[in-house]
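Shared chain: chain A. Partners: chain B in the first complex, chain C in the second.
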Partner chain A sequence: MDNLEISATETTPEIKFDFDSHYFLFGGESYPEHSDEFYRPILELIQKYSQNELESSATFVFRLTYFNSSSARVLMKLFELIDEMGENREIKIEWHYHEEDDTMEEFGEDFSDDIENANFKLISYSDD
Partner chain B sequence: MTDLLSHEQSIIEQGKKRVENQEEINPSDYAELLKAYVKLNKEQNRLIRLSDKSQKKLSVANSRLANFSTKLSKYFSPEVYNSLFTGELDVKVQTQRKLLTIFFSDLEGFTELTERLEPEVLTELLTHYLTEMSKIALRWGGTIDKYIGDAIMIFYGDPVSKGEKADATNCVRMAMEMIDQLAEIRAIWKEKGLALPLNARMGIHTGICTVGNFGSENRLDYTVIGNGVNLASRLESNAKPNSILISEDTFLHVRSDINCSKNSTIKVKGVSYPVQTYKVEGLVEEQTDKTGYTAHQIPGLSLILDQNKIENRALVRKKIKEALDLLD
Partner chain C sequence: MFCYSGYVTQKILVAIGETIKKKLEVEETELGKTKKVFSIFVEGVQNVIRYSADSIGESDELDNEVRYGIVTIGSNTKGITVQCGNLIFTKDVTRMKERVDLIAGKDKDELKKLYKQQMMEGPEEGSKGASLGFLEMARRAGYPLEFSFEEVSEEYTFFCINAII
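So, the complex of A and B:
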């Protein structure tokens, strides 16, 4: 599969999918005007990956600073997909949040409750 | 995101059909329905939480912004502040040539005051003086350019203009009110024991200036530059204590509303010709209403007659007769 690299915009996050190293990154802010249009191809790509690469272990990194309601819904769907993937392979999820951002920390904790088949790690970072 | 909920949507559709057809629901279907319901319920709670958090963050950000704006507004003239907030004034190096009326004022003997007074008293005095003067400037729609110690620079005509004549007239009327207000400030500070009287000199000129944001991309100053600014400053330094000296350019704009007496000419650096000056005497309607007082300012004639101040009536008659003889 071809790697995917989407640069961040004011309203959409940076997205990097490196299929060779099975590394997936979502970073920045997410409040696209048409979240369906923006995320549909991305979700489809992950779905395709989950069907093709049945045994590879993968790492999903989230370093989000803000997301709106429709992006939250996408995230929930995404975690559902990732958790399903974890049923038959090793999956790591890293949820990075700024040490002063309680909201992102709480959402990370919240999302981690839904994860049964992957290793969900909350990681705080500072400005340094 | 209808796609994301397609599974739940199909369960709802199936459920509706079964209810319509009064079909029995088997336990496995019920379990699936319950699972979908639990999921939706969880999603709903999460989205409500997200919405509440965002609202709270927004409200905190709004209140911080409002607080910051209030603080920031004190550093700008309201006209400039409003133009910035409405987006009419761009925050970049940008200037334009415009006809403006520039005002300068300075306190006479302020340097001596700074040496005599304790810094705390001086700060209080200066704050009192500048606050009162600024209130008057804002009431008359002036753009306060800057305070330089006790000196004040104000201009009319940008970012908002009421027309050249109105701008010039409002500027002169502001200066007149400042002189009146200064008398009150002087009395208050005399009462407090200030030995030196507070006297201001004021100068006004109307002319083409360059106005806008000057400076670098990182540090901008919204101000006016040009010979007109120097001229207004020179008029101010030539004014007598508690009087307003204006240029001929300003006089021509205000003469129908404000009585002025012709004064000496002054030489200004950068201006090749001697500048005719006028001293502001008062409002036209105010003065004609007084008994024994008449004042007229028409091209070629400056006449102010105040019977209450006449000491030598015969001399006054002689001078008027001389003037009349000149006309014949």
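So, the complex of A and C:
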């Protein structure tokens, strides 16, 4: 599969999928007007990956600093997909949040509650 | 602190949002609080963009339609305030009040549960986009959200959300 690299815009996050190293990154802010339109092809790509690469272990890294409620709904779908993948392979999820950002911390905790088949790590960072 | 009244688009939302973030940064507002103000602002304005009854353009063409609304950001003794208002159809008031009543009087844990439930269920029938917006606003606010409905004519009612962070 061809790697994917989408640069961040004012309202959409940076997205990098490196299929060779099984590394997936989401970073920045997400509040597009039409979240479904933006994320549909991205979710499809992950779905395709999950069906093709049945045995590789994979890492999903989230460094999101803000997302709106319709992006949250998409993220929930994404985590469902990732969790399903974890049923037959090793999956790591890293959720990075600024130590003072209790909203992103809480979202990380909420999403991790529903993950049963992957290793979900909450990682805080500071300005320096 | 800030007031905008006029047609709102996603581009205008981004521009005002950047201004608010800069202003709060200059005032050395804690990061957590700034994020909450920004979140409430985005949900409030995206609600106006989706639902205001006062619009120009074709209502069937999502991207050509421009909706009218009012946004103010300010502060009082309790904290930072965000207010978003727009006209809705008076015939929709009952339905709107039902949605708003679901949130009233709920504590943070109950709001969290409702939020999750709403995420699983998907957007409500006849709603463009997520109905999670009000719940998100309620979860981020420091006090219960206040909603007001003021009938301006038989056809239109002014709907306003007031949040304090």
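By definition in this document, the second predicted complex is superposed on the first by the 128 of 128 C-alpha atoms of A that agree within 3 Å, B and C clash if a C-alpha of one lies under 4 Å from a C-alpha of the other, contacts with A are read in each partner's own complex, and residues count from 1 in each chain.
Just so we're on the same page, contacts are C-beta pairs under 8 Å (C-beta built on N, C-alpha and C of every residue); 3 or more make two chains touch, one makes a residue touch a chain.
All of these numbers come straight from a predicted model, not from anything done at the bench.
Taken together in the superposed arrangement on chain A, chain B and chain C clash.
Applying the stated contact rule after C-alpha superposition, one finds that A:56 touches neither chain B nor chain C. With both structures placed on the common chain, the touch criterion links A:112 to neither chain B nor chain C. When the shared chain is aligned, chain B comes close enough to touch A:40, but chain C does not. Once the two complexes are overlaid on the shared chain, A:101 sits against chain C while remaining clear of chain B.
Of the two partner chains placed by the overlay, only chain C lies in contact with A:10; chain B stays clear of it. When the shared chain is aligned, no partner comes close enough to touch A:124: not chain B, not chain C.
Between chain B and chain C, the overlap after aligning on chain A sits in one stretch of 37-45, 73-81, 145-153 or 253-261, namely 37-45. Residues 35, 68-70, 72-73, 76, 103, 110 of chain A are contacted both by chain B in one complex and by chain C in the other. Contacts from chain C toward chain A in the complex involve residues 10, 14, 18, 30-32, 35-36, 38-39, 42-43, 46, 49, 62, 112, 116, 119-120, 122, 129-130, 132-133, 135-136, 140.
In the complex of the two chains, the chain A residues touching chain B come out as 35-36, 39-40, 67-70, 72-74, 76-77, 103, 106-107, 110, 114. By the touch rule above, chain B contacts chain A in their complex via residues 1-4, 42-43, 46-47, 49-51, 53-54, 57.
Across the complex, chain A meets chain C through its residues 10-11, 31-35, 65-66, 68-70, 72-73, 76, 98, 100-104, 110.
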